[in-house]
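You will see two complexes here that share subunit A, one where it goes with subunit B and one where it goes with subunit C.
What follows is the complex of A and B.
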């Protein structure tokens, strides 16, 4: 595969890589007839992102002749730490880089990224890659009962209010409003945590469809990259989701590119959700998935077992012709983890991600949540162990609406 | 000025007296060669040369000519001593190194000779500090025997084009390879790191290339750890000349403008890691 990007597109490409670097440590490159897809997934398999650049995005885009040993295009993955430094300083790229050429595969076994800069200076990087099956995610956007489409800066402006260290947030929708609040666990001393909540009226959105009232809790950190990308390109962000436990998809698109981030959401006790919303006067009563948090020991241990990791995800070998993540169509999660090293490395990765007891619990549960239909044994039987305290209501804040509009 | 009047009577015993209205004109340039603790000072009637060496393979020299100083009196042909450079810099910045316009530290540096400490009189805003730094026997700096006659390839580049390259250099590479050639790729910096290799090519007709005089194709590798400190001098400079001789020894000369727009030089010499035959 050989492609040439010019000027501003190099910066957009770099921004996509920044967004992907927030998700995982590896970057999957998948050159296709439809375009070049860049993908990343996190080690817990609870976050996945894909940026697809159509051939129109590039000044030149060619896949290489099919006659070369039967496979014209090489699908590969690169270590994020080899690629990210090349695009780290976007302002300097904007100032200096006139064109960028990317070549994958033949003749060398390297990915070559060449920057043609001002003053005739040329920077060439030859990066080692690993051949790999393509990575794709399961997500049926068209089956999602809830769809929001927010103008470019709306979500970015909302998440700006949360501290950078905030790991998870909860998005709640009712037909009357949409709110975002930070998520914290029972264990933390509530007095020391700053609680932030903001609400939006459905009118703030370009498109608002709430089929099922729900609260979904997902990892914010992994989303920030996409929101920043959307803001810089002034693209509206679409959100497709269902009830807690099912994944949420944030996506943007324009004429030459599509990007999406699919995040697993925290499993919640099913029974609670409908009953809460039937109390109209009460503003959002906190729907912290207390029950999900409690069984720390058992679920966590299970998820660290390699077999547990592997069976959670649908392992279907990739075929060249499979369409990639495209919101209206259903895709299959395909993975290269069939090889013997896969499960082991993910086990280690899962362990390394679990640096604090709290985050490890979240990881394992989010993981299950992605394929909740497969295995609900542990989580579905969780009793409600905590009731809501009245002081929660004092912390409610009602934001009038997005200031950016 | 308080400093000069107060020490009129003490002038005779000093073999070297150097004064600056703005100590930054000395401290900035010395900072760019501070990668080792001690430095060899050599003063001649032409000015001051400060040398720092690393493992006998790399040497950095800073030249501050006599006319940069407001006063430069030397009673011998050559005055040499060795001091701890880190301590000296701490003293030069003893008033905190303020960068407010119009506020500067005045310096009077005095040396009585062999066995005596280096005395610094520093003044800012009416406050005077006297620092005495012990000196040591100066070591003989390595003579890299780099003479202009032996230079095979020389280029002069505007520093701004190199600054970015040096800041992006793959530090997992043990060596920095420099290729200079009358034909493509003309001037190339290469690294070989864990992720792969990288090449930075500067064509001979680039606007950043002020001078291009390459006679033969040469490729030499230098230890990255030895060259990395030169980035500080690069950051201060506006132009740099890169020369290699027939043995593959590297000379980097940086043209630095100080706060008052005067020109000083910093020079780095480095011996090659291994001889690489050109292809």
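What follows is the complex of A and C.
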């Protein structure tokens, strides 16, 4: 793969890397026909971000010949700490760098990033990479009952009221009101912490659709990168979400790029589950692979077990028993919930030690690996076991980085 | 016990925020004392905070467009709250462009000072932000700890040089020593000194001027009578405390003064129109 960026595009690219660095310690460079995708996943698998730069974004974009490389292009995993310093100071990039060339070379087994600066200075950085399949969050945004769209500025103004150290915030929506407040774990010294809440009228949003009243709690830190990216490019941000415990997706779209951040949300405490019962997409959608094992509709309001937990406990055995699973290349991570009798022990094995205490109560997102450039075809054949969306076809059309609006 | 205030004027809001931010740089926790006419930020000199004490007085009428309060009782018409000024400052900073900011004492999950702001939007409906800053209500039996400190019987009183200049000097001295000797005389001269085994550094300031205090203010019936103008009064202080004071300055004071009680205490006073800030740094041996 070989691509060339010029002037302001280098800055935008750098800004994207900044945003991704908020999510994880590793960066996937995934060259595809439809553009270059940059991805990151956090260690607890509760946050995922993807920036897709279309070929038009680049001055020049070529994948190299497919036949030469056998199964298409190389997907590289780079250490964030080796990439980030190259783009650390965006103002100096803006001032000095005229062009930037990124080459993923098969012969050298390196990612080469070259900055062509003023006065004919050329800075060449060779980064070693690991060939690795990129994870992708499975997120069907078109099935979300709640959609908000607003200028990045508005969202920036909303989160500005929260301190930088604020971990999680809760977004509540009703048809009349949108509110945002900081979230503190129970038992935390609540008495000493400042509580902030802000509320907005739906009119302030460009698009406002609330199918289900919901309160979702997600990590603010991991979102800030995307918001600042969107703000610097004056792009509107779309938010797709459903009930608590289901992931939320923040996305921006432009002519030449798409970016999205998918964040896990906190499960509601058990007492609140019955009121959350009205989630339309899950029970009504047809399921192909899992229809038999997921008795979603059978959960009554008086049931003592939260609906989500039932789903997951049924699902896990099926995913573990799946003969198609091949752990090194295909990761299907089950959600884990705050249920002591539930799939806890299993989760602890698959969730990295580095996860923060807060994120351990957050459900992991559901991931699938992209195994080829025509990922849709391949994935369609894989039963997505822990699937949040409905049918596989939808997901295949619905590249996670580009939620249909 | 009731308290409710409203600030509409942007300049007032900005000024109030700067005062609170200055306080937040000086101390993590302090006491906010509310009376019908004034607001006080008080830090009493306890060993825990290095013996430093602070007294900041604001006249409510200069900041608030509306101000209502009802104290503990009619004879003790006051409210004393322990607050974290940093929280207050942070809350106020995010609402700088508000159309109106309300401050009120509320009972939420704990007693809170609620800052509610109405923010302008592009549409006609305004946005509302509330910050609940937790506070502790101080019972009346402890109020005596938060009375205005009496002016010490100083030996020398002197106007300070521009605080920024002083800050630059003190910042550099801090790299060399933990303690600084402040000395001044009645001839308008002040020296900042550090003395270590390896190095002695002194910065001399002159022609600073000595504020005219009434005769009752100082020792021995007035400094001018009994004291040699060349005679230095000095105090050795923790350099960090002085630095903290110089660093946090957000209000540009119209007058900055320093009173020194020989080998006992340094008393710094900043006056800015309606605000006065006093800061006491104890001398160390």
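In this text, the second predicted complex is superposed on the first by the 266 of 405 C-alpha atoms of A that agree within 3 Å, B and C clash if a C-alpha of one lies under 4 Å from a C-alpha of the other, contacts with A are read in each partner's own complex, and residues count from 1 in each chain.
Everything that follows uses one rule, which is that a contact is a pair of C-beta atoms (placed from the backbone, for glycine too) under 8 Å apart; a residue touches a chain by one contact, two chains touch by 3 or more.
Since we're looking at a predicted model, the values are computed, not measured.
Q: Taking the superposition on A as described, I'd like to know which of subunit B and subunit C A:79 touches: first, second, both or neither.
A: Only subunit B is touched by A:79; subunit C is not.
Q: For A:110 in the superposed arrangement: first (subunit B), second (subunit C), both or neither?
A: first
Q: Does the superposition put A:92 against subunit B (first), subunit C (second), both, or neither?
A: first
Q: Of the two partner chains, subunit B (first) and subunit C (second), which one does A:201 touch, if any: first, second, both, or neither?
A: The answer is second: A:201 touches subunit C but not subunit B.
Q: Counting only touches as set out at the top, which of subunit B and subunit C does A:125 meet: first, second, both, neither?
A: first
Q: Can you tell me which positions in subunit A touch subunit C when the two form their complex?
A: Per the stated touch rule, the residues are 157, 160-161, 163, 190-201, 203-204.
Q: Which subunit B residues qualify as touching subunit A in the complex?
A: Interface residues on subunit B, with respect to subunit A: 161, 164-165, 168, 170, 194-203, 205-208.
Q: Under the definition above, what is the set of subunit A residues touching subunit B in their complex?
A: It comes out as residues 79, 81-82, 85, 92, 96, 110, 119-128.
Q: Enumerate the contact residues on subunit C facing subunit A in the complex.
A: That would be residues 84, 87, 90-91, 94-95, 108-110, 112, 119, 121-123, 125, 127-134 of subunit C.
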